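Two complexes are shown next, each including chain A; its partner changes from chain B in the first to chain C in the second.
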Partner chain A sequence: MMKKSLSGLSLAYLLLVLGFIYLPIVIMTAMAFNESSSYALPFRFSTKWFEQLASNDILLRAGWNSVLLAAANTVVATVLGTMTAIAFARYTFRGKVLLQILLFPPIAIPWLILATAMLIFFFYSGIGRGLHAMLLAHVALSLPYVIVIVGARLQSFGTDLEEAAATLGASPLQTFFRVTLPTIAPGVMAAALFAFGISFDQFVTSYFLSPPGVTTLPVEIYASIRKGFTPEINAISAIIILVSMLLLLAVSRFYRFAGNS
Partner chain B sequence: MARQGRSIFALTVPTFLWLTVAVVLPITVMFYFSFLSASPFGTKPASLTLDNYATFFTKDFYSFLAWRSIKLGLLVAALCALIGFPAALVLSHRLSGYWREALLLLVILPFWSNALIRIFAWTMVLREQGLVDQAVHAVLPWAPSVGILYSYPAIVIGLVHSFLPYMILTCYISLQAIDPSLVDAARGLGARDHTILRRIILPLSFPGLAVGAILTFVPVVGAFMEPRILGGRQGITMGTVIEDQFTEVFNWPLGAALSFILLGIVLAILALCYPLLRARFRLG
Partner chain C sequence: MSTVEIRGVSKRYGSVAALDDVSLEFADGEFFGLLGPSGSGKTTLLRSIAGFVEPDRGSIHVGGEEIARVPIYRRDIGMVFQNYALFPHMSVSDNIAFGLSVRGIGREEIRARVEDALKLVRLEGYGERRPRQLSGGQQQRVALARAVVSRPRVLLLDEPLGALDKNLRQQMQIELKQIQRLVGITTVLVTHDQEEALTLSDRIAVFNQGRVIQAGTPGEIYDSPRSAFVADFMGEANFFIGRVARRQGDEMQIVLDDGAAVMASGPSRLAENAAVRLVVRPEKMSISASEASIPPHHANRLAATVEQVVFMGSSITYRLNCAGAEVSVYQQNQDPPRAAEGGAVWISWRATDTIPVDD
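And then the complex of A and B:
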């Protein structure tokens, strides 16, 4: 191993990078508590932007849509993704490679291209725009991540337990609910939280698929930024950042990013 | 056996159908649209034509834009690698245990928060009277005001900030997988730090660097929100022009053709990287 002692220089570098990553977030959150509507300094503490936010119906409705959509996406993507991950891990079948290839576009194609393609097709086929169209998009974007995360968990457990259960006379459904699901539960939980995050933060597809009047938070925030922004946007942004970070902290309880060492 | 077939069918068909409706059919129909002379929803009759693609290849404006987007993608990927790799190296080889995990979590924590909001946050830092401006004036009160918001550097800063955590994470994963005994052996044989870095660590962590670069390059080439917010009038890219075709100009066939050209560019670059990646991954 290289020297484990942490030299001052490398620690300073890491802190510098962390400073760069957190600088804008800290400034933006601070400005949400600044009294001035034009972000003027000196800083005067005020919670009035949060109070105004509480009576901003447009932003509140957009927020409700975002939560609703993320919840629906979490359920659908986690269930479908877990089913597919089980099929990938436990069976070989015709079409397996094709299905695996189909999981690439949501990751490897810029979202702008996918979103405009969906807009065209949904218009053309009569599916139309709206929350249902956004759900179609968000689930498609979430599926590859869910399948990878649940798949990793499935792979780390062999089929021994399941075979034992089957030998002892458990039906496939009993085996799934009493043996497989409890073992992969942490992976499924992490995948569900990921799916929630993907949908809650998703801007590009929601933007192209939102008809006038039906928006989500990111879409509404983008519109406000282009119109000329107000500290109310900072207030809602600060709340979203907080929720997202808490969500990832929750994910990290189920899913170790740092590896096992 | 028949029963197994049925369960495989039941497990995979929903995902298969979902991806068909949300990804395969849209891309196919967009391909068809890119050859239409007018949007079929309008009053004008639509016929098949190559005009939309011809527009791209005959007007200098579009090839200029495509180049600009590719260069932006390369620049941002390179900067992320330059800044992110050393940070990942410190995390993986100079830290351990609790601190390593805590600091890594700190790095990836904000990247899970909304990309749009983080870009918006930069406008507060970069604009006139913003943080950078005020800091400069605190030191040099007579300096002219520095608002670099609505400029090319502002777009680059915002995009590097957006994708840096990806790069750190992918580099970290491959750095962490390097067998420590290799480094010990090299050191035992008298290799200095920079030799170890150049001959062992860099080659073995190359896959992480390459994956990070691809994960950065692909979305940056298609970026439209970041150039729009941070670039102002300087912020015209392939992405913003495509956005305009769908939200302002309503020339969907041209937008579809431009999207497909962008897709072609992305796929071409991925194909160029493929042999390189394959060779390195087999080695690692």
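And then the complex of A and C:
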């Protein structure tokens, strides 16, 4: 397709959309560096909210919990989901279609409903509440996304590469690690990022499943806002934004490296 | 010794017999072509040898060893896929080295053998490129180098030239044949292109509906087709239908449906009065303007009308009407034109070029 330059009107529209997305984030990040606790102007640069954050044990512990939980969820959901996607794409077995259909309702059902169901089930089954229960819930929520994303990548490659590897003498394990995994790596990375995001951002299930004293960052931010807002929240949000941007950048670089080859 | 023996192999998919009691033998170092229309079973047989398809019945032996229970990756085969199936995340060298590296061969030996393989397919200096940076013909050569570098017992080619344009395909056919001679690996080629099968193969098996209809050298298959299907599939064929009127040793006189008599010469199982279908190849026939100018050794002569003259460059194709039947005749371009459209002519051929076939 021929590349045309944008007209003035389209450019203005594009800026409007970008502003709609990024303006609140920019203002929040700026306010994390403003000395006033009540968003008062003029802007006076200060890092005092970051210093206060560094001594806010509750918020830091919640943040640490969130990172741990999201990391564990990423590993578990990505490994399980990739294995499932491969089973769906490369094998035939009884009940496969039923299982594939059952994948989609969890994506469509509101998280609030799923979280309620999990709370009740975990209560009766003796799993209870806590980080282990949250991990179970987060894995259950992110699995369908991982399977769909990795599955799409698997579909776009036929079985030819794997068959070629087998004829060349590669065992199934060698074929997986040297051919299948490298070719689907961009899909797996994207899925892992998704899984991390779903867990790190998860409020509803974590809120329901957190016992007193054990919270995650979204739950704690919610609690602090209810107690009375402080720009410490801006500070931690700014950190999170920075980290997620860097993460995305890293992944997109990886995508360019492995995806187009 | 890397002979391949296929013994009574059958494979059904639902109610369709993909392979129906197929038995074949490929000699050591032989280039064997499996030819047939799509869905005729040739690819199923190739994939059975590779191990992707498990036959329902029968057995496959490579070098005397039954391979049914040998997993694909221990069968010691090389395969070139229709779309080449090069690993996109590896360089050309790493693609070729893959089979050696998974077998745990040392770094130095791998490098030397990859160099040799690149030289074999005339791609020296391309080792560091990625497959997507190569043309279709070059990718095809990489796929071939990758398949032969570990010196497999059997080389399987699945429509290897199907994705190339015509000129490149002809050039690659010659190269493929040279390389196969050089490495001497028993090779099985699957193709639906009869010209490709004729050019490349030492022997050919023609498939239809899961069965081997006829197997033999390209010359045997083309010059002595046993059935109308083979005659029609291998090049163009003119058909005549008649009845055996007289038989004396190898000489037969056949009376066609319109009353004309045709001579056939050659061994045959047909008895007198049996219904018979005859095949005559278009290039074996001559066109003469008058009955007097028919070549004297041509025992068969029929009157015909020219319907169409098609100039093909190196040859000219005449479409004629011969007593209601359509007949094609090829004439070399070096001969002077013998007929114009609408003209009345004689077509003639030798008795030995009349081939009786089964229906």
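The working rule: the second predicted complex is superposed on the first by the 242 of 261 C-alpha atoms of A that agree within 3 Å, B and C clash if a C-alpha of one lies under 4 Å from a C-alpha of the other, contacts with A are read in each partner's own complex, and residues count from 1 in each chain.
FYI, a residue touches a chain if its C-beta (ideal position, glycine included) is under 8 Å from a C-beta of that chain, and two chains touch if they have at least 3 such contacts.
Please read these numbers as outputs of a predicted model, since none were measured by experiment.
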Task = Quick one: classify A:Trp111 as touching chain B (first), chain C (second), both or neither.
result = first
Inquiry  = Looking at A:Gly169 after the superposition, I want to know if it touches chain B, chain C, both of them or none. Which is it: first, second, both, neither?
reply    = second
Key: Winner by number of chain A residues touched, once chain B and chain C are compared   = B
Ask   = Between chain B (first) and chain C (second), which does A:Leu80 come into contact with in this model arrangement: first, second, both, or neither?
value = first
Query = Counting only touches as set out at the top, which of chain B and chain C does A:Lys227 meet: first, second, both, neither?
reply = neither
Key: Footprint overlap on chain A, comparing chain B with chain C   = 172, 258, 261
Key: Parts of chain B lying in touch with chain A, wherever the complex brings them together   = 4-5, 7-8, 10-12, 14-16, 18-27, 29-30, 33, 40-41, 83-84, 86-87, 90-91, 93-96, 100-101, 103-110, 112-118, 120-125, 129-131, 134, 161, 164-165, 168-169, 173, 176, 180, 183-184, 187, 193, 196, 218-219, 221-225, 228-229, 239, 242-243, 246-247, 252, 255-256, 259-260, 262-263, 266, 270
Remark   = Seen from chain C, its contact residues with chain A in the complex are 50-52, 72-79, 81, 83, 85-89, 98-99, 102-103, 130, 132, 146-147, 150, 156
Query = Which residues, counting only chain A, touch chain C once they are in their complex?
reply = 160-161, 163-172, 174-175, 178-179, 182-183, 258, 261
Remark   = chain A contacts chain B in the complex at 1-7, 10-11, 13-14, 17-18, 20-25, 27-28, 31, 39-41, 80-81, 83-84, 86-87, 91, 93, 95, 99, 102-103, 105-106, 108-114, 116-125, 136-137, 139-140, 143, 147, 172, 197, 201, 203-204, 208, 218, 221-222, 225-226, 229, 233, 237, 240-241, 244-245, 247-249, 252, 256-259, 261
